[in-house]
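Just below is one structure, and these are the notes that go with it.
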Amino acid sequence: MTFRMTRRGFAAGAAGLLAAPMLPRRAEAAGSIVAAAFPGSWEDAYRTIMAPIAAEAGVDVTIAPALAQDQVGKMMASGGTPPYDALLVSPGQTAMLQEQGLIDEIDPSRLQNWDLLIDSAKTPLGPHVTVEVNGLAYNPETVPKPSGYRELFENPAFEGRFGVQGFGSNTATMAWAEIAKLYGGEPGDMQPVFDLLREKIDWIGAIGTSGNAIRTMYRQGEIDVFMASTGNVARLRSLGLPCEFAHPQSGSPAIPVAIHMTKGASNPDAVYAYMDAAISAEAQRQLAEPPSGYIPTNSEVDFTEIILEFVTPAQLANAIYPDWATINKHRAEWTAEFDRAVAM
Amino acid sequence: MFDEGEDRDIAAGAAQDGPAAAAQVSADPTRGLIVRDVSHAFGGMAALCNVGFAVEAGGVVALLGPSGCGKSTLLRAIAGLIAPDRGEIVLDRRDMTRVPARRRSIGMVFQNYALFPHLTVAENVGYGLASRRLPRREVAARVAEMLRLVRLEEYGARLPRELSGGQQQRVAVARALAVRPSALLLDEPFGALDRGLRAELQDEFIRMQADVGITTVIVTHDQEEAQTVADTLVVMHAGRVEQVGTAEEIYDRLVSLFVNSFMGHANALPGRLAAPKTVTLACGPSLDLDRAPPFPRGAEVVVTARPEHVALGPPGAEGALAARWIRAAPIANMLSVDLELADGTAVKALVDRLGGPRHAPGEAVSLTLDTRRMHVFAPPRPI
Amino acid sequence: MQRTTGAIFASPMLAMMLLFFLAPLGVLAVASVTGPEGGLTLDNYRVFLADGFAVGVLVDTILLGLKTVAAVTLLGVPLALLYWHSGPRMRTLILVATLLPMLTSNVVRTFAWIVIIGRNGPISQTFVELGLSDRPFSLMFSETGLVMALTQIELPLLVLPLIAVLSAADRRLVEAAEVLGADRWRSLVTVLLPMMTPAILAGWVLVFASATTSYVTQSVIGGARLIYMPQFVYREVGVLFQWPMAAAISFLLLVSTGIVMLGVTILARHRRLAAYA
């Protein structure tokens, strides 16, 4: 078959291309939505596992990579025409989105799998699809297993070997909140952390600006310990790197990840279908396997070997869930102060 | 008279005995510029082939030839900008062949002048002096002197692009002369100027050259310019010297068909030597010569005649060639007439404007060649 | 007649500029002087300029740009001179080697630099092997490392204009200097460098603009301890959602880098250089 292009056809095509950005963003095919996912392993997992499952339900999902905080920013900037139909965020962002009126409550009766969810995963704004358990990722070949956050700042074995991030990251924010407690801070008081940072700034191996940057450092052998979720560790292992997960003695901060429907979503039916797929046993069973190793929220799905290696159901039950309202209130101020504490 | 032999042998001969040629041209063979047996190739392509000539101290020689004949390459070799593969360049008894350009003490005026655009006129003129680390005051005095010489005293603070073409040319000359070089080289120095200005600057150049009395080599493709400016012409062709001599010597004693056609216009008529002294022209008629040319009977030859040696007559004149009048243009008190022979060969004639023949285009005329002033050459070899 | 025709042909470009460049800039300007209640205020600027830390970040950003410009110049000018003196084969090689990195994304090049300047990278290992350093070291999160990476990433922005100028340059100017007795250094300083100056200045503007705004390289190689304006702006936009403040900071960055670039441009307009431009 030959492809013949007439001048008229070319002109029409070119005009279409030029006009494309001005057209309504989403294709009009039935059941097609744009869903945000965190860049990196989440994006990969959702594209390879979730999208096909949703497609079976007749929903064409485009996975758009965006950090939780960026999703909030883009939603705030969109002025009534949301760039996403479904968001993937954690409670900190959920609170902000709710406050700004950017997400809608859902109707649980539209989700067939709703009743299979564990109780804590059922929220009025949407289902939790997993709980990330946080702790410390370390390289067993180069450093001893850290007992907790405090040891990182005190055992010379970790001097210059661990990497941290600022308050832009949820993982880091939760870790800093724990560290503040360990060094005598009341809830909402981050001063002990800033004092510690100022005192031990040269002790810290690397202060990165994103999770990806920190993980790249780890892969390059620049650092051997960092604040991480179990998912991060599973991912690095799947790349063939030696990596272990350590629960801090003070407890492991945990953070659920939820899917929300944006206000003004183009196709609520399709979003429901997508949510339903995300909490289905089929999807969660696959996502619980390497490389993602996400902890399931569907009660029918058992913890897989890789998850059990990091977290037992008992450990999950004892996990620490930070107070995101307090964090959100102080986040701006902490972010600014963090810059000042670490800047050269 | 008729010239003897094949052009290239003579040219090569002239080139090979450079010292002899030098002695011929130079009054004082120990001073001035001698170029001896210079050959050079660019990536296997011969650009210069056994080139030699000499300039007496204070003399002006013009390297004359069409573009691509190697004259600029030769000039660059003299300047030291290229090291020739073979040969010798001697300036005032010093062998310069291996001396780098910056130590040759040569002044050069480049084609389009190559003035430094970001430097003022005064800085341009003083550049060579500053290179020699002369004291600032000395440089300033010499610059002022040079600007006076080229009558640009008022222009010292200007940038080159704020000057006219003629002024730029004079700055280039001043810059080259400021360092009191042993020789001055000029590459098409008048090429970028319009006709009127060119004549004016040529006159000025002659005056100045006489004042300074510097050994000078000028490259040009314009034979009129060469005749005006230089005492000696070196006619070059395809990387070789064709002929060396004064303008008059060359004009009258042509060594080759090339020189003949390059020095002024020459009507070339192909023919065959029918008898020792008779040429049958390709267009039909035969010419009787007053001397036997050195070619065997039956040889292909080319007969040349200058326009002023072509006389016009009424159609059908005895012993004349039939031709048609094409057009005429006045040159001073002469008339340059374009004619066409029966076989289409174009011929130029130069006749008196007043009292000379006048015809309408297309009219039949006859023309007679002055056989005493004609030259016979071997036909050009295909290159 | 010719003028009006030209204007007609330029009009789509003008419309584009108005619509996609000036209009958003206007929106940004308005946002930067909008208070929380919507009134006109200069508070955002006042807050930024009163904050010593923030002003320090601005100064560091400009210094980073200047350091990169200096490093790129020290590397790029000799490279361009090598190009000038090379034959056609070497010239192609230099051109391709200069252009090739531009075909990969800035992000990829930045991550490649993590490998190069890291603790286990070739620089550290070479120093250790040569006995110049007792133990492996990392240039990550150091300004040295950042300037090195930026230098390589921005190098084409200086070298390409230089190559363009040198390819079209009149070699007879250098020959004229040579015949006038100038040695290599003198002809480099008095002829070649002035000839290259307009391209160098153009390159400086590009390198400076690019280095001061390269968010990815700054944040990945510089990390959180070296804070520059783009990160600062991103923080305000994406983490703190302080958009009027972000607009004000962007404007301050625009103005301060604009002043540096304007200075360079004025320099390039010098009448002595006009002939080469």
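By letter and in written order, the chains are A, B and C; residue numbering begins at 1 in each of them.
By our rule, a contact is a pair of C-beta atoms (placed from the backbone, for glycine too) under 8 Å apart; a residue touches a chain by one contact, two chains touch by 3 or more.
Fair warning: this is a prediction, and the values are worked out from it, not measured in the lab.
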{"item": "Innermost chain by mean C-alpha position", "value": "C"}
{"item": "Centroid comparison with chain A (C-alpha atoms), farthest chain", "value": "B"}
{"item": "Interchain centroid distance [CA atoms averaged], chain A/chain C, Å", "value": "34"}
{"item": "Whole-Å gap between the CA centroids of chain A and chain B", "value": "85"}
{"item": "Distance between chain centroids, defined by C-alpha means - chain B, chain C (Å)", "value": "54"}
{"item": "Touching residues (chain side chain B, partner chain C) in the complex", "value": "79-81, 100-104, 106-108, 110-112, 114-119, 127-128, 131-132, 159-161, 175, 179"}
{"item": "Contact set on chain A toward chain C in their complex", "value": "67, 69-70, 72-73, 76-77, 165-168, 201, 206-210, 213, 216-217, 220-222, 331-332, 335-336, 338-340, 342-344"}
{"item": "Chain C - residues contacting chain A, complex", "value": "53, 56-57, 111, 114-115, 118-121, 138, 140-141, 143, 219-220, 223-227, 231, 235, 237-243"}
{"item": "Residue numbers on chain C that touch chain B, as the complex places them", "value": "170, 172-173, 175-183, 186, 190-191, 194-195, 271-276"}
